[in-house]
Structure formats: structure tokens, C-alpha cells
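Naming follows writing order (A, B and C), and every chain is counted from residue 1.
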Amino acid sequence: MNKRLGKPVKVLDSLPLLIVCIAVVSSLYVVCFTGIASNNAMRYMIQIFLYITMGEMWNLLSGFTGMTSLGQQLYIGLAGYSVAVATTKLQHSLGVGLLLAVAVSVVVALLMSLLLFRMEGMYFSIATWVVAEAFEKLFLNWKYVEQGSGLTVRVVPYPKIFEICAFSLTVCVAAVAVVYILLRSRAGLGLTAMRDSITAASACGVNVFCHKLLVYVIAAAFTAVAAGVFFVNKGIVYPESGFGISWTVSMIFIVTIGGTGTVAGPIAGAVIYVFLQEFLAHYPGWSNIILGAVTILVIFFMPKGIMGTLQEKLGFEVFSAKRFSFAKHK
Amino acid sequence: MYFVQVIVNGILLGSVYALLGVGMTMIFGIVKLTNLAHGEFVVLGAYLSTVLAPLLGIDPVLTLVFTVPLMFLTGFLLQYFLIGRAMKKGAEAALLVTFGLSIILQDGMLMIFTADARHIVASYSMMTVSVGALEVSVLHLVLFAISLVSILSLSAFLKYTHTGRAIRATADDSDAAALSGVNISKVYSIAMGIAMASAAVAGLCVGMKWTYYPSSGGSYLLIAFVVVVIGGMGSVPGTMVAGVLFGLAQVIGGANYGLLISYVMLLIVLVIRPKGIFGK
Amino acid sequence: MSDTILEIDSLSAGYGDFIAVDKVSMTVEKGQIVSLIGLNGAGKTTLINTVAGLQKPDGGTVRFKGEDITSLSADKIVAKGLSLVPQGGRCFNRMSVQDNLLMGGFTKSARKKLKETLGHVYELFPDLADMKKRPAGALSGGQRQMVAIGRALMARPDCLIFDEISLGLSPAVIKDIYRRIIKINEEEKTSVILIEQDTRRALNASDSFYVMLKGRVVLSGKSSGIDSETLKKAYFGI
């Protein structure tokens, strides 16, 4: 029967992509270390890098694998408290704190997987949120972490801002690279198959549990590192700021605006989010109203997000997760 | 005796939790949508009653005469002109639209009503009656009556009216319902209207029982979720049973551990019966 | 027989990039039984789902009783008097048999004579009257098809479309259902479109026929006197 095949998308890939990426990343490192950028500019850069990391990880879970989590703040809160306990309570360095954050998150993610992976779809989403809320209530009642008043994060010696900036950049680059490599690998094929149909994927021999576990643990670990750096900057962590749903609000916004299911999407989304937030700080009270309105407008007029729509309009794709791709055109 | 007291309070409060879940479960069962703005709808209902009662000089319960039709109309229009159109772009788009609505409503209410804690006070808020050795709060009895009447009249509406039958048919098989002459987008809009009307009633109840803020929506959404998932999505009887279980957990666990107990309860239910107690 | 009740003119429909129905034309006369036959995947169901308004057409027109109904939604088309008994019946399984039938009479015009029509349907399917309180999901396949037919009749249609009504039923039940369809056609002067994979059964019951293959109509004519060799060639596309 008649099939209307689209024209193939030009994929900016392999060598040219690698050269462009190395150029961009190394110039960003140069900016960090040479002190060209003011402290203020570096503060924005840190935020962008950290939000890209979290956005990429949420997109990996939801956009690529179909595990729409409303509870990644679980690992953000755990990371915040890990860093606080390691540095302030136990007087260790920041490095130890971040390692502890990753270790705790990975262990909790492994344990949670036993519980959460029994559920699919909306049930999974709700359960992830409930687990995060349950941890919030736990920390609210836990004497060792000062209950509701929270813990301060005092890092000695306090790293210079350019060090934090360079470290955040490294985490961010690693996150993008891991997502890209993972999706281009054999496992990536299984993951996208699972997003479309769990049953069909497992019928094709995809080990659903292992694939989910891999993605879930990677997402937990990277989110934890990014969150750890975040709380060093903030200087304090308390249950609501660590385990609050507002983290998920930010991640959903970043990924939706940027483009769900694209590797480049969260990068665009995070840049827009950080600048929009800064801009909205001048209009107190309006920030969520505008964020909400932008989300709804994007859904109606750019359902594939900024990167998704650009890719469709211009016919090329950066960081394609597909091995073969066809653009749909009418 | 303490034991009986706990059970009675748990059941009375449980009806309010069930009411919180009913609007959520209807939208899930009929429109097949997870409405992330349901919590804000409840808070909006609470604010409307808080403002109207002193303004009109009437008992807070009587404000329902105004808030229920108003919220029904708002829900109907929201679904018809906004959410329904997003649904044509896919389930995820609709979910994100309700998410957008929830944060817009949150800040909108913050601007209009400020961040102050609010509470709806009625003349009988502090009274109790004694039944034998049992002390029962009048407020709890009133809330129980309101919730029970709402849920039962909703069930009767679904069971015995033409529109109710069309709603059930749409939940069962929307294509077959369309082939019977049902205008599906109108049924979806009516369902959202009913869900929002139920949020108006739930808002009054939670506002009379607890203090609330513009940001309280998230916790009500979560409670509604927990109740609905324990009961089984789309099941009204399941929601009622789950509401009572949730109420008992709150009364037993108190302010510090009540929610923690019910979250753990939810996770246990999900592990044993991943689709809820009454889920199919 | 004289005037046309349903006129499909070069109708196209598909799913995404896939064209399932390619410029199909077809007419049904008042009071006639027309059979639409073809292999699995020939596009029969897509065609009538598009006619009934469940799916948006990519091109062409559908006229019913002289009125253009191409872009109407399913509920508006039912109200005009064109009803579809979808594949597998699609009863409301969680509702009682009686509620299923009452749903069939949901349109404004049907609601006026709801009681009368209900009595008539119970007359036609006495079995259904005995189990009106039972949920439709608890019935057998044949009984569910009866509920689906009864539900469609409740709208008092002028034209009835049956999509593979015999699918998964035993020969005795199929025979029974066909007998009743012919009775409905004779008594009510309702036009009928029968979608079938079984050519012999369809041709025996109908006045004229259409054969579809790969989204197109490849053969049509009067049901009586068609030679089996021509039919076989068109049916299998050899």
C-alpha cells in the first residue's frame, strides 16, 4: 500500500559534531579559568549547568524511557543532606560529601527500584512522588538532622567560584555525554522500545527490569551530584527545600520548553529557564503565572518544544538519539 | 473506649478524604486524564467560601449554593476550551496543561488572597456532642454529612439520569458512546465541571477543618492521589473505603506521623495490588 | 426501489502516513441490503468508521439522505439516522443490558419514543428482556452482539451498518442473527450495510455487493448471478 515516506533528516553527527562540542566546551572552560566572566555571570553559568544536568536526567527517565517520575527531588534532598552531614557534622571535605551523596542516592535508588518498578505509567509517577514526600516527613521528624529547621552546609575550605563553575560544567558535559552514548548504544534501542510499549519490548527480549534499573540509577547519581553542588551554593538544606515538588516543576518546565525526547532540548530549556527566572524576579508573584502560561502556549503552538520544532523546521538534528531518522512532513 | 473514639473520628474525617479523591477519580475514569490542578481547585473552592460567608453573612455551608454552580461552570469551560483541545495533541500534552494551570492558579491565589493562613469558622466549629461516653465534634458530623450527601447524590446522578448514563457509557467505551449519539467533548466537559464542583465542596470541608494557604494545593492533590490509588483509579466505592483508611491513619498517627503512615500504607497496597484495592 | 439514501464519493482515509481507504465510492438505495466484502486489512472497517464519523476523512464526501455529513462527528451522524454496530459489538460492559439499550436511544429524537422503541427491541430479542438487569460484560458473545444490535436499533435508524457481526460466533448464532437482520430490513424498511469476510453468506443476504482490496473497490454489482470465478479473482486480487 502507499506509504508516504518523509525526507531523511540530516544528522549533524560524528566528526563535525565532536569538533563543535569540543570547541564549545573548551571555550567554556577557558571562560571559567581565565576570569573573563564576572562572578555574577559565573553564578548564572553554574545554575545553567546544574539545571541542564537535572533536565537531561529527567528527560532520560521520562522522554526516552517512559518512566515519568514526579519524585526526583528524593535524590536532590538526600544529596543536600549527605553533603551537609559530611561537611558540617563530620568535618570532611566537599569531595567526600559529594561521594557520600552519590553513594546514598545509588543505594536508595537500588532499594526503591524493587518497590517502584512494580508499577507503570501514572502509578509509577505517583509512587515516586509519594516516596519523596515520605522522606520529607521522615526528615521533618528526624532529630539527627535537626528536624524542620534543617542543616547548614559549611564547606572548609570553601571552593572558589570558578572551581565550582568548572566542576558543574564537567558534571553537565558528563551528563549529556552519558545520555547520548546510552541512547546510541544497544541499550538505548531497548529503552526507546520500552517507552512505546513495555509488553512489546519485553516480547522482543529486552530485559525491562535491568534497562529500567540502569537508567534509574544513572539518573539518581547525576541528579545527586548536581544537587550537592546546588546546596553548597545555597548554604542550607531543610526538608521542604530538599524534597519539595518544586524541583520537579522546574525539571518538567525545562524539558517541555526545550523539547521532550531530544538530547539538545534540556540544554535550551535550562538556559531559558535560568534567564526567565532572573527576569521574573523583578515581578514577584507573577513568576509561576508566566511559567505556567509559557508551558501552555508551548504545548499548543510548539508541542515538540523549541529543539523539537527547530529540528522539524530546519530538517537537521543535533545529538540524534536515533540511528536512522525520517522527518515527518505533510 | 479510646479505640471506638479513634474509629469514629477516622470514619468521619475519612469521608472528607474520600470527597477529595472523588473529583480526581472521576476525571481519571472518564476523561482518562490525571488532573494535576485538582489540589488548586480545592484551595480555590476554600477561598471562595471563606470570602463569601462573611460577605453575605451566611453560614459557610450555605455558600455552596453559589460556589458549586460557579466552579461547575469554570470546570466545564476549562475542559471545553483548553484541556479538551490539548487532549487532541496527546495525553501528555493534556497532563502538562493541567500542570501549567496548577502553577498559574497557585500564584494567582497568592496575589489575590496573600500568603496568610486562612480558616473557615462556623458558629459550631468548637462544639461537641456526647453520645453515651463518646465525644463527637459537631464540625466532624457536619463535614461527614456534607461529604456523604455529595458522594451519594453524585452516585445517584450517574446511575439514574440520561446524562449520568452517558457519562458511564463514555467511561466504558468512548467510541461506542459516540456511536450512540453522545457528544464526547461535552461529556468530558460535564465531568470536569462535576469534578470542580466536588472540589468546591471539598474545599469548604478542608477549609473548615484545617488552616490552608495558596500553596496548600500540592498536599491536597497528593492526598487525593493517595486515596484514589489505594481505592483503585476510577472506582467511587474504592475511593470511599480508601478515604476511611486514610482518615484512620491520620487519627492514629496524629500530626507528625499521620501522613507518613498513609504513604507507607499506599506503598504497601501498591506492592500487593499494583492497581489498588478495587482496581481492575 | 428508487432513491439513494447513502452516497459515498471518492472517500479517502488513513492512519498517519498510511492510506487505508483510497478514493472509494459507493451508493446504498433506500430499503436495500448492501454487502461490503473483502480480506482482512482491505480497508472495510476504516471506510465505515469514517462514514460513521469515528475517523476524519482525508478527502471525498459522504451524503446521507441528500445531506452532506462528511465532516460531522459521530454523535451528530447518529442523530441524522445512520447507526453503526461496531466490530465486536463494543457493549458497555460495566453497564446493565437495559442501560446499554437506553444509551442507544440517547439522541433527542429517539428519546421521545424511548419506551415504545425499548418494547419493540425486547420483542425482537426476547432473550434480552430476561436478562435486562445483568451487566453486559457477563453475557456470551452472541448475546452481546444482540445487545449491540438492539442498542443501534434504539436510535431508530434509517440506515444500519454491521461491521463483521459474525466474527467469533458459532454458525447457529450467526444464522439466527442474520435472520433478525433481514427481518429488521423487511419490517422497518431500514437500509443495511453488511461487512463480511464470508462472501457466500453476505451475497445470499444482500441485494448488491462491493468488494474491497487494498483500500479500493475492485468489483461491485447485483448479488444474484455473480459468477464465483470473477468474484474470487477480485477478492484475492489474482
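Keep this in mind: a contact is a pair of C-beta atoms (placed from the backbone, for glycine too) under 8 Å apart; a residue touches a chain by one contact, two chains touch by 3 or more.
No experiment lies behind these values; they were computed from the predicted model shown.
Overall, the chain located most centrally, as judged by its C-alpha mean against the mean of all protein C-alpha atoms, is B.
Ranking every chain by how far its Cα centroid lies from the centroid of chain B, the top place goes to C. One inter-chain figure worth recording: chain B and chain C are separated by 42 Å, centre to centre, where each centre is the mean of the chain's CA atoms. If each chain is reduced to the centroid of its CA atoms, chain A and chain C end up 52 Å from each other. With centres set at the average Cα position, the gap from chain A to chain B is 32 Å.
Against chain B, the residues of chain A that register as touching in their complex are 115, 118-119, 122-123, 125-127, 129-131, 133-134, 137-138, 140-141, 245, 249, 252, 256, 260, 285-289, 291-293, 295-296, 299-300, 303. Against chain B, the residues of chain C that register as touching in their complex are 52-54, 73-75, 78-79, 83-84, 86, 90-95, 99, 102-104, 106-107, 110-111, 151-152, 155. Interface of chain B with chain C (complex): residues 162, 165-166, 168-169, 171-173, 175-184.
Across the complex, chain A is touched by residues 28, 34, 82, 85-86, 89-90, 92-93, 96-97, 99-104, 106-108, 110-111, 218, 222, 225-226, 229, 233, 256-257, 259-260, 263-264, 266-267, 270-271, 274-275 of chain B.
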